[in-house]
Structures are given as structure tokens and as C-alpha cells.
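Both complexes below contain subunit A, partnered by subunit B and then by subunit C.
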Partner chain A sequence: MKSVLPVVSVVAFLLVVWIVSVVPMNIHLAADQAARGDVAVQPDDARARQEVGAVALALRNPAVIPMTYTLDRPRLPGPQQVVGELWNTVFMVSPTSRQSLIYHGWVTLSATLLGFAMGTALGIALAVGIVFSRTMDLSVMPWAIASQTIPILALAPMIIVVMGAIGIQGLLPKAIISAYLSFFPVVVGMVKGLRSPDAMQLDLLRTYHAGPAQGFWKLRLPASVPYLFASLKIGISASLVGAIVGELPTGARAGFGARMLVGDQYGQPLVTWAALFAAAITAAALVGLFALMERITLRRMGMAA
Partner chain B sequence: MPETVITAQALDLTFQTNDGPVHALKDVKLDIEKGEFVSFIGPSGCGKTTFLRCIAGLEEPTGGSLRVNGMTPDEARRARAYGYVFQAAGLYPWRTIGGNVKLPLEIMGFSKAEQAARVARVLELVDLAGFEKKFPWQLSGGMQQRASIARALAFDADILLMDEPFGALDEIVRDHLNEQLLQLWARTEKTIGFVTHSIPEAVYLSTKIVVMSPRPGRITDVIESTLPRERPLDIRDSAEFIAIAHRVRDGLRAGHSYD
Partner chain C sequence: MMALAAIMLIWGAGWTINLMLARRGGNGVGWMAPLVFGLTILLIWEVYVRLAGVSPIILPPPSAIAVTFSDSLPLLWADFAQTILKGAMTGYVLGAIAAFAIAVLADRSDFLMRGILPVGGFMAALPIVGTAPIFVKWLGSDWPSKAAVVGVMVFFPILVNTVAGLRDTTTMQRDLMRTYGAGYWPTLLKLRLPAALPFIFNGLKIATTLALIGAIVAEFFGSPTVGMGFRISTSVGQLALDLVWAEIVVAALAGSAFYGVMAWIEGRLTFWHPSQRT
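What follows is the complex of A and B.
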């Protein structure tokens, strides 16, 4: 509960910056619209208005300021417009409708979860291999690191196109991009976690004449759990980004990425902003869910002291 | 005729390090008989922990011979001939005290019923009955170390090897644990190898005190204690105790003047 005040303060500050920014960002559009609607605007000439700075224009036409918050196609929508769009597309339309953000959210989320499961499984498998095999440690780790230096925006279209060429479309290509982004934090975290037992704890098992499998199940794996959860929280948000990026290059027709693209291409900034916020809220909810699972698990394991 | 359980002859161990070879043990000769309480005392680098680790099969000597229960140390380790207590308790934080004591029993494949019976018995032995379901962080340092002793006792090895088990604890807790350890030794009749820095601790606990000295690590004196087996804490004020402590101190000093 101690963290509430700082968080609320930062949110309030950002909100104020946003609300204040709406006026200069939209004032030229609002003034043009007002002039078309026979409202007196200073200066009267559209070309002349382009020469005037945003703040100056706002100060000369205070009556136009309220209009900057209600434009249909603003440069920067007001917070209340984004909330309104979210409300309309989440609660006011059927979840099966193509207008519904719940529909689009589910499309993205299903690819995210599938990709996350694939990435996590791959990450854990690689980490186990790296910890138990020196050959894998030397050969896999550099490639895992190299894989993350390739911009996903460049790689994603290739994956989509190549997989499309062999007849695989829809969920799986997006999930693969998600997996590509999410396996890496899991590998790094799990390698660190599986190696976290110190020499004394390994010696203790040697005095019992325990085999490598017993060492894995009884010591290394439980010791890695806190590291795994830290990785999962990074991995799940990376997965969501991967799924959205996977929806962008081919003009997918559904998903958060598709909504952002549509909003951009058809000049509907509210659609883009609403999709952006819906994606951010989804990511926050997923990370929050894993944080909760982490707390419950570590408490049960007696490690949350 | 007492039975010799650990015997070392001309034992040598040289570590190859980046700064050249380090002679950790040189020409170590020692016999430990069944039921003895043997302390190894000496300054850092004298090889006392290394020697204990050799007995446990955790280090490989580079020369000489070492037999534990008539086997090589590695065979003895595989036969689970000893319990080892480390400097730190090293309990698994995700296991309860009972779960930690159970760890070696699970690994060695004891039946569930046998595990439960043994856990209860050894926790009783170290005075931790009733703490079975607590997690390590809920216990004090001294209690954690007692739990780790219970863990080493759980599978009933005849030999108990202890590497400065009370080094990190304060004086009062240490006195208390020393007293308890003697009672435990009397009840279980185990052979104990005990590494320590502390002269009073070594004299109070041991039937045999092995004084060691560094560079190269070697034994400079072996003192057979004349103290009775029954030892109340105030035995430490007796003339006999002080005389033995004096001889240990002299041995340590002689080792130091070497370099």
C-alpha cells in the first residue's frame, strides 16, 4: 500500500502533461474547423494561421480551446476521448463484433499465450541443457544472445511471409514471433537460477552420493524458482509485444496490431489510441497476474520472508 | 582392542593454482579410533578443512594413503559412511526443518514411514522437536545449525565430520551447543572429526586434539586428552583443562614461528 501514493502522483503528473499538451497539438486543426463553421478566428486567413505558433494561436483564440478536446480526428486525443472510445469498443458492442476490442484483444492474447508457452518451454529446456552440458553452454548461449540483437521489426515480416508460403497462417506465425522474444529472458534467468546453489550446497549433495537428476529436482530446480518468476514477468510482456508486431507487417485483420494499423491508415487516431491503451492494460494485467502467482508460490515455498 | 576407522599414512595434497602449486597437506599421519572425538585446530591455511574434506572424499589427495572404514574415501562416500556438517547450516529455504532433515533420506531411498520416524528421532536428539514444520528463516542461527546436525545424523552414519560448525555463532550459543554436542556424542557413540579455530572449544570437546600448522599444511602435535568423558562446562576452570589448553597454544605458537 506504501507504493500507492508515488504511483498515483506519477499518473497524475502524466495526465496533467497530456491534458495540457492537447491544446497546442490540436489548436490549428480546431481553428480551421471553427473558421469553416463561421466562427471568428484570429488570424482569419488559413495560410496566415499556419505561420502562427500553437501557443500564440491558442492565446489569441481562447474560445477555440475547448474544441481541441472534441475533434473527431485530433492529432492528440484528450484522455476523455480515449476513455470514451475504450468504453464504447469494450462495453457497448458485442464481444464477437469486429468493432469490439475484446474480440481483437482475444486474437492477440491467444497468440501471446501460445507464444509465451512455447518460449518458456524452449527457454527452460535450453537453460537445463546449458547448465548440464558444457558443449551447449559454449554453443547455444552466444546464439541466444545474437538472436536478440536482430530487430524484431525486420524479422517479423520474414517469419510471416515464409510461414505463409508453406501454408501456415493466423495464430502460429504470430506465436512464433512471441516465442522468439520471450524465450531469451527465460534462458538467462533460468541459467542463473539453476546455477545459484553455492559450492557448499553442491558438496552437501555429494556427501549423500546424490546423482545429477536428484541434484536437479531437489536443489537446482527449486532454487531457480525466484529467478524463473522474474523472467516470466519480462517474458509475458515481450510476448504481447511480439504478437502485436506480428500483426503489423501483413495487414492482419484482427488483433491489437491490426487496430493500430487501421487507425493509422484510415486517419482514426482514436482507434489507434484505444488499441494502444488496451494493449498496455492487457500487458499490465498479465504482469500483475504473474506477480501474484510469484507471491503465492514463494510464500508457499517459505521463501517470501 | 579399539577399532581404527580412519587412518592416514604419508598423506600429501598439492593444489595446482595460477600462482603455482600450493602444498595444502604434507606427510600427514593419523589414526582415528572408533568413538573418538578428534579436533583439528590450527591457523587458516593449515589444511585442517582440507584434511576433513579428504576424509569425506570431497578432495583427492595427491599422495599417500587414506582409509575410511577400511575403504578409500570415495568408496566410503558412496557407502554413505559419514554425515558432514558445514560452516553454514545451508538449509534449503524452501523446505521446512523436517523437510531439510528428510533430504538425505529421500536421496538414499528410505521409505516414507522410515523417513518420518527418523526425522522425529533426530530432531528430538538435537532438541528441536516441535520445530519440524517451521521454515529455516523462522529459526535462530544456533537452531539452524542444530537442524543441520540433525540432517547429518538422520541416516545414521557412524562418522560425523564437522567443519567449524559453530564458527559463526556467538560465545554463549556456542557454549550451549558444545555441551549439547557432547551429550549427543555420548548417546550416539559416533566417531567425530571436528575442525575449529578455538582452543577452549577443542579442549572441551575432544578426546584427541590434532594441532596443525600452515605452509605446508602438516600435523605438529597430537594431544590425547586426559579429561574424563563426562564434562560439565566448569571443567574449563580445572588445572588439567588449562594445562591441555596451554600445550595446544604452545603447539600453535611453534607452528607460527616456522614462517
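What follows is the complex of A and C.
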């Protein structure tokens, strides 16, 4: 509770920086628009205005400053414009419409969740294999660790195109990208977690005459839960980024990535900004959901920090 | 059928070698086993593509990728210089310096620290790479816009880790410094920054991969006609997948080397830390 005020202050500071930056970012556009609308602007000539710095132009034309917040195609939209666009495209249109961010969000989210489920299941299975087989540990684990240092996201465009070429389109290619992005963090985290019981605990089980299977279910698996949740939180945000990037290079028509690209190409910055914020809110909600599940699970298991 | 038999044979051989290696133990197993495993996968890939008649357009065999790699070295180097050296490195250095400076400044106020840690941790989980179209619009399509995306992406992990690291001293250690009559700066330089180094390097290592991802993905939103992201997206469009794979090899090598360099520096600077003792 005692961190609420500091967090609110930091967020408020960022918001103020944003609001203040809108004026210098948009003042040239706003001045041009005002001049076209027969409002007296200093200096009058459009070319002369380009020579003037943003802050100087704002100071010489205080009347134009309010316009910087209401441009149709701003360089930097005001927060209220982004919120308005989000409101309009989330609540004001039918969720099945192509205008609706809920529709686009579901396209991205379904691929994310499907891929995340596949990647997590495979990751846990491989981690169990690695912990119980020294050969797998020696041959596979270094590659799982090395994969964290390379930008495997670069594979995304190729997966989409190759799978499209063999007739698989839509959800699955994006889900596969999400799957392999969440796969490696889960493997690395789960191996760490399954190995986290110390020698004393393993010895205790041995004195109980517990076999490897009992050791796994009663000690290793419960001990790995905190590590699993840490990996899941990394994995789900990586999955979402994967699904978004999977929509970029092939001109997908639906999804957050497609909205960002459409806004970019058709000069509708508000569409890009709204998609960006919607993606951020989705990521925050997913990570928050797993953090909540983590707290409840750990508390019920008696491991709450 | 023949392809399947050959694959089973290669897999069996590779796995047997590794089983023997694992049972023998001793020196060198740590790098020999993954090497054998990697070679087995490459061999299976090659044999599968050749025997099962997979179109080389869809999945080029490793040998074809190697040939393309060595044939287009000048092209790959130009892309590497544009994306990694200019875009990723500039952004990485700027983002790291900014994060470090803000962490040290915020560190003077407990209030700020308690605000920045959760906000920074939250921002690090967001899909920041989506800001790429905005930066491309603001800064043009050449490398500065990529450096900006990279800078923002690496900023938050480094910030959060540095802030966490600066708090990682015990009361006993700080009291000791006080008994020496050390003020803020000596305490910062001689105790708290060295103690924070393992955290800082953790952030810097996480950021190496992010920097490469940011620089490559930002090029999907607009770039001059050079760069790894540009080459990947256009070559995918032309179904020149051998060139795409060659770029991915470059990205993998660059990523591992970048990470390796940071890990090496970490080892030199934090040799005293328990995680570095062997």
C-alpha cells in the first residue's frame, strides 16, 4: 500500500511530460492548419515557419496552442485523443465490426493464448526430460540457454510465409511463433525450479524410501511452482509480442499488428496509437492475471512471500 | 520411407554418441554433447530436405544456406553494419546511459525509488516494439529511429535492475561506511555501485537480445534499402528463404557475441561475486 503514492506520482509525471510535449511536437502542423483557416499566424509564410523552432513558434502564437491537442493527424496525439479513440473503437462499435479493437484484440489474443499453451506444455515436458535424463541435459540445455541470447523473433516472418505456402493460414502460424517464444523461458525456468530442492530435502525423501516418481510429484514439482510462474509471466508477454510481430510483414488484415501497420501506412496516427495502447493494456492484463494466480497459488501452497 | 529410415539412423547414432559421452563424463562433455546434438539436427535437416523432396524454396537445406551465406558476405556485412552497429548499438548505449543516470539520480530519494521500481517493471513487460511506427514517423526511416526504439526497449530492464541493485546493500555494510566517515559519493562509488554490478549486468545481458529484436523488427515498419529487418521482410516476400536463413545466422551470431562480450566484462568486474566462483 505504501508504494501507491510514489507510483501514482511517477505515472502523473510521465503524463505531464506527454501533455507538455504535445505542443512543440504539433505546433508546426497546427500553425499550418490555422493559416489555411484564415487565422493570423506569425510568421505568415509557410516556409518561414519551418525555419522557426517549435518552442519559439508556440510562444509567438499562443492562440494556436489549443489546436495542437485536436489535430486529426497529429505527430503526437494528446492523451485525451488516444483515450477517445480507444473509447470509440472499444465501446462505441459492435465487437464484430472491423473497426472494433475488441475484434482485432481477439484475433491477436487467440493466437497468443493458443501458442502460449502449446509452448508452456512443451516447455514443461522438455524440462522434466532434462531433469531426469543426463544426456538430454547435456545436449539440449545449452541450446535452450543459448536461444535466450539470440533474436529468434526474426524467424517470425518466415514462419508465416512458409506455412502460408503449404496452405496453413490464420491462427496457427502466429500461434507457432508465440509457442516458440514462450517455450525457452519456460524450459529454463522449470529446469531451475525442478532442481531447486536442496540435498537435505532430497536426502529426507530418500530416508522415506521415496522413488523418483514420488520425489517428482511430492517435492520437485511443488518446489518448481514459483519458478514456473516467473517464467509464465515472461512467456506470456513474449507470446503477445510474437503474435503482433507475426502480423506485421505479411500484411495481415486483422489483429493489433495489422492495426498499427494500417495506421502507419494510411496516415492515421490515432489508429496506431490506439492499437499500441490496446496491446499494452492487453499485455498488462495478461501479466497481471498471472501475477494474481501466482499469489493465490503460492498462498494456498503456503509459500507466500 | 527412405528419408524416415535415414533420419532414424542419424538420430540413433547421434543419441548413442551423446549417451556414451554422458556416461563417460569428464572434461569436454559440456561442449561436445551440445555440438553433437546440433550437428545431428543439421544432418537430419539436410537429409530430410534432400530425400523427402521438400521444395528448397520452402525449407532450404543447411548446405544451401551456408553457400548463400558465403556468397553474400558483403551484403550481409552491410546489413549487419546498418542494423546492429548503427541501430542496435547506438540505441543500446544511449538507453543504458539514460537508465543508469536516472537510476543513480532516483536513488537519492526513497520516494522515487518506490515509484520507479513497479512502473519500470510494468513497462518492461509491455510490447514496446510497437512504438516502432511512431519513431519511424518522427525520426525518418534510417537508423536513428531504430536506435530510438532500441533505446526505449533496453531502458526499463536496465533501470529496474540498477535500482534494485543499488538497494542491495545491508545495513551492516552501510554502517561500516558511516564509521569510516564516508559521505554519499564515497559510499556510492566504493560500496553501492560495486554491490549493484551483478544486477546491472543482469539488466545489460537481458537488454542485448532486446536491442537486436528492436533494431530488426523496427525495420519492418520502414527502412532504407539496407538492414537485416529490411532484408528479411523483402526476401521473405521474394521467397528467397536461403538469404533469410543467412540473415538469421548473422542475427544469432551477433546476439551470442554481444551477450558473450557482456558476460565476459561481467566476469572481469564481478569476479568477487558468488555466482562467478567456479
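Simple rule for what comes next: the second predicted complex is superposed on the first by the 297 of 305 C-alpha atoms of A that agree within 3 Å, B and C clash if a C-alpha of one lies under 4 Å from a C-alpha of the other, contacts with A are read in each partner's own complex, and residues count from 1 in each chain.
Just so it is clear, a residue touches a chain if its C-beta (ideal position, glycine included) is under 8 Å from a C-beta of that chain, and two chains touch if they have at least 3 such contacts.
Just so it is clear, the structure is predicted and the values come from calculations on it, not from any experiment.
Enquirer: Have a look at where A:275 lands relative to subunit B and subunit C in the superposition and call it first, second, both or neither.
Expert: second
Enquirer: Could you say whether A:302 touches subunit B, subunit C, both of them, or neither, answering first, second, both or neither?
Expert: First partner only, subunit B.
Enquirer: After lining up the shared chain so the two structures overlap, which partner does A:200 touch, if you call subunit B first and subunit C second: first, second, both or neither?
Expert: In the superposed model, A:200 contacts subunit B only, not subunit C.
Enquirer: May I ask you to decide whether A:210 touches subunit B, subunit C, both, or neither, giving the answer as first, second, both or neither?
Expert: First partner only, subunit B.
Enquirer: Quick check for you: in the superposed arrangement, does A:7 touch first (subunit B), second (subunit C), both or neither?
Expert: The answer is second: A:7 touches subunit C but not subunit B.
Enquirer: Decide which partner touches more residues of subunit A, taking subunit B and subunit C as the two options.
Expert: C
Enquirer: Mind working out whether A:289 is in touch with subunit B, subunit C, both or neither, as first, second, both or neither?
Expert: neither
Enquirer: If you lay the two complexes on top of each other, which residues of subunit A touch subunit B in one and subunit C in the other?
Expert: Overlap of subunit B and subunit C footprints on subunit A: empty.
Enquirer: Name, in rising order, each residue of subunit C that touches subunit A in their complex.
Expert: Residues of subunit C touching subunit A: 15, 18-19, 21-22, 29-31, 33-34, 36-38, 57-59, 111-119, 122, 125-127, 129-131, 133-134, 136-138, 208-209, 212-213, 216-217, 220-222, 228-229, 232-233, 236-237, 239, 241, 244-245, 247-248, 251-252, 255-256, 258-260.
Enquirer: Quick one: which bits of subunit A touch subunit B in the complex? Just the residue numbers, please.
Expert: So the residues of subunit A in touch with subunit B come to 200-201, 203-210, 214, 218-219, 222-223, 225, 301-303, 305.
Enquirer: Which bits of subunit A are touching subunit C when the two form their complex?
Expert: Within the complex, subunit A touches subunit C at residues 2-3, 5-11, 14, 75, 134-135, 138-143, 146, 148-151, 153-155, 157-158, 160-162, 165-166, 233, 237, 240-241, 244-245, 248-250, 256-257, 260-261, 263-264, 269, 272-273, 275-276, 279-280, 283-284, 287.
Enquirer: For subunit B, which residues count as touching subunit A in their complex?
Expert: 56-58, 77-78, 80, 82-84, 86-88, 90, 92-96, 103-104, 106-108, 135-137, 155
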